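Look for chain A in each of the two complexes below; its partner is chain B in the first and chain C in the second.
Up next, the complex of A and B:
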C-alpha cells in the first residue's frame, strides 16, 4: 500500500530525475548549448568591420539561440522515456499525468536558464552589446519568457516524441506558436540592452509575455493528458 | 472480484484482434493468458492495466485505496544512466512510497536483506534488490546490466510496490533457470498475500500447474470471439485434448 503523491511532488520527482539524467549524460546538453553559441557567433560574422549590431537585432539573435536550444532540450527530455518504454511506467504511476508535463517543464526551464548564462555573455562579447537597462528587470523578462517557452516546449515536446524527424516536427509546430511571445521578448530584450523600445512601451510587452505564459500554462494543464496518453 | 472485463473488443487499424471478450479475476488467483503470436495477449494485458483503451466494452478494476498495479511488459522501464538503486528509488517515489535517504543502504547493502517488505523505503528497496539477487549491483549503472539482470531489476520494481494486481507479459524472457525459479517464487508469494496475477506464457507445460485459471486467445471468426477458452487451469489440458481430437 502507498499514498498517491501530490501533483507537485510527482512533478519534482520527475524533474529531478530528468536533470540528473541530462546533466549526468552531458552530450545532449552540450549539443544544445553549442548550437545556441554557434548561432550567436555566426550572426556576429554578418556585421562589417566597425559596424555595431542594434540592440533589437542582438535581442532577436539571443532569443533565436534560446529557441533552438529549447527544441533540443525538450526533445532530449522526452527521449529519456523512449529508451526502455519508461513512458508506460509514467502513465501507470498514480500521479496525475500533468505532473509529467510540469516536471519536464521545470527541468527544461532550468536547462534554458543554464544555457542563457552562456548566451548572455556571448551576446555581449560577439555582438558587442553593453546592457543599459535595469538588470533585475532584464532578468525578470528573461525568466518570464522562459516560463512560457518551457510550458509550450513541454507540451509540444510530448507531441513530437516518438515521431520520425521529431526535432524538425517540434520546430515546425513550436516556432509559429511562440512568435508573439518572442516578439515581446525581443522588445523587452532590446529595452534591456539599451536600444530603447521600438514600438509600444515596455510594460505592455511584459504584459503580453505574462498573458502568453498564462495561455501556455493553461494549455499544458488541459491538453497534456490527451497528448501524452494518446499514442497507444 | 478484483478485475472484470465485459464484452471487450479491440482493433489494430482495420484488423479485429478480439471481440466480446469477458472474464473475471478474483483476488488471490493466478491466471495464465496464452495463445498464438498475434492473438492479442499483450494488448489484452495492456487493456487490463489501463495503458490501452478497448474499442468497446468495459474494464472494472476494484483495487483497495492506495493499492497499485504492477505491470511488467516487454520493456524494462529502466533508465540506463541511473544505478539499479536510483531506478528503484525513482519509481518507488513516483508510486508514493516514502522513506528516509539511502545512506544506510549505500554503506551496507548486503546487511539489509530481510525476509519480507519493510515499512521504511530504504529497507524496502534493499529488500526488493535482495529478492532478485541484485544487492551487490545496487550502485552500478543499469545500462551495463545483461538482459536477464535488467529483467530482474524490472521484477524488483514490481515487487517493491506490492501490487494488488500483477500483470506479467512473458516475464521469464531472458531469465536463467535460477531466476525463473525466483520469479515463480515471487508469483506464489504475491498470490499468498492476496494479489491477483495475470501471466502471459508460452511455456504451458511448465506454467500450467502454477495457475488457477487459463484464458486462451485464438483467431476471431464468425463462431469465435477470440477468447477460445476461459476456465479452470486443471480442465484446460482436457479441453486441449478434446479440441485436438475434434
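Up next, the complex of A and C:
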C-alpha cells in the first residue's frame, strides 16, 4: 500500500489539476483576463485630453483590475467541483483538507501573476505610465500582495461555491476584507510608478502587506475546514 | 428536540421588557443631560451635541462585532445552536448602530469640517466594518442547511473581526485626518461633558442589551421553526 501523500505534495497535485483544467478549457481564464483589461481601458477614459493619470490613480486601477480578475479566477477554481457531487470526491481524497485550500490558492496565484503580465503593459499603454522605482522591489510588492489575495481568495472562494450569483457574492464578502491589502498595494504601486508614496514610508506599507499575508495564511489553515466540507 | 423543555433563557427573556423600559427612561434622561446639563462647545457650538449619540453608537457597534467574533469561536468549539442565534442578533444590531454612527458622524462632519465625508482611520474603519458585516448578513441569508450556514458564518465572523485591526492600521497610514480624539488624550472633554458622555454610553448599553435579547429570542424561535419544518418534511407520512 502506498503511503498517503504529504500536505504539500497533495496541494501541488490539486493545484496542478486545477491549472490543467482551467488552462485547458480556457473560457474562465479568458473572461478574467478580458475583464481586467477592459477595466484598465475604461478607466483610461477618465483622463481628459492632454491630462496625465497620477501614479496613485494608475496603481489603484491596476489593483481594481486585479481584484475583479481574482474574484473570477477563484470562483471558477471552485466551480470545477460544483456538479455531480465532485466536491465529495475531492474531500474523499487521502489528503489533508487544507491541501485543497493551498492547492487552489497556488493555482490562483499563478493565474493572477499571468493576468498581471497582461495588466502591467496595459497600464503602461492606456494610462501612460512609466515605472520609475526599483524593479525588484516593485515586483516583490506585487508578488507579496498576490500571496495575500490568493490566500484570502482561496479561503472565501470556497464559501461562494454552488451559490447563485457567486461572483457578486464573493465580491461583496471579499472586497471590504481586502481593503488593508489594497491600500498597501496602491501605495507601494504608486511608489513603483514614480509618484512617491502617498503617505508614510514604503516599509510600513510592506509590513501591512506581510501582516495581511500572515493573517490570511493562518486563517486559511485554521478555518478552511469549516467553510469547505461535506455539508451542503 | 428541546422544544417543550423550559429553558434557563426564559428568565433572561423576562428581563427584556424592564430593560427596554429602563433604556427608554435613561435615553430620555440623556437627552435632558445633552441639552440642559452639558455646556455648549465653544468652537463647534450646538452641532457638537450629536457627538453624545455618535460615540456610544460607534462603541456599541464595535462591541457587537466583537460579540459576533466570540460567538463564532464558541460555536465552532461547542456546536450549540444558540451561539449562532446570538451571533446573528449581534451582527444585525452592530450593523444598525454602525450605520447610525456613520450618519451622525457625517452630519457632524458637514457642519464642522464642511464635508460629508473625509478619509479618517476611524470613519473609514467604521465604513469598512459596515460593509464587511453587511456581507456577513448576506451570507447568512444564503440557501444553506442550518449546520453549514452556522459553521460558515462562524468562520466568517472570526475572519471579519481579525481583519479589523489591519483595516484600522492601514487606514491610519493613509493620508488626511481631522477626526478629534476625545477620551484619554489632551484637548478632550472636561467635566459635565464627560459625565454626559458616560451616561449616554451606559444608556445606549441598556438599550443595546434589550435589543439584543429581543432579536436573540426571535432568532431562537426561527431556528425552532426551521427544525420543526424539516422534521415535518422528513416524515414521509406527511406526503
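In the analysis below, the second predicted complex is superposed on the first by the 229 of 232 C-alpha atoms of A that agree within 3 Å, B and C clash if a C-alpha of one lies under 4 Å from a C-alpha of the other, contacts with A are read in each partner's own complex, and residues count from 1 in each chain.
Convention: a contact is a pair of C-beta atoms (placed from the backbone, for glycine too) under 8 Å apart; a residue touches a chain by one contact, two chains touch by 3 or more.
None of these values were measured; they are calculated from a predicted model.
Using the contact criterion defined above for the overlaid structures, shared-chain residue A:227 touches chain C, although it does not reach chain B.
Applying the stated contact rule after C-alpha superposition, one finds that A:85 touches chain B and leaves chain C untouched. In the superposed pair of complexes, A:204 makes contact with chain C only, with no contact to chain B. In the superposition on chain A, A:219 makes contact with chain C only, while chain B stays out of contact range.
In the superposition on chain A, A:48 contacts neither chain B nor chain C.
When the shared chain is aligned, chain C comes close enough to touch A:172, but chain B does not. When the two complexes are overlaid on their common chain A, residue A:180 makes contact with chain C while staying clear of chain B. Once the two complexes are overlaid on chain A, the chain A residues touched by chain B in the first and by chain C in the second are 232. Every residue of chain B that touches chain A in the complex is listed here, in rising order: 46, 49-53, 64, 66-69, 71, 73-82, 86, 90-91, 93-98, 150, 161-162.
Against chain A, the residues of chain C that register as touching in their complex are 76, 128-129, 131-132, 134-136, 138-139, 142-145, 147-148, 151-152, 154-156, 158-160, 162-163, 166-167, 169-171, 173-175. Listing the residues of chain A that touch chain C in their complex gives 155-156, 159, 163, 169, 172-173, 175-177, 179-180, 183-184, 187, 198-200, 204-205, 208, 211-212, 215, 219, 223, 226-227, 229, 231-232. The touching residues of chain A, when paired with chain B in their complex, are 1-5, 10, 13-14, 17, 20-21, 24-25, 80, 83-86, 88-95, 232.
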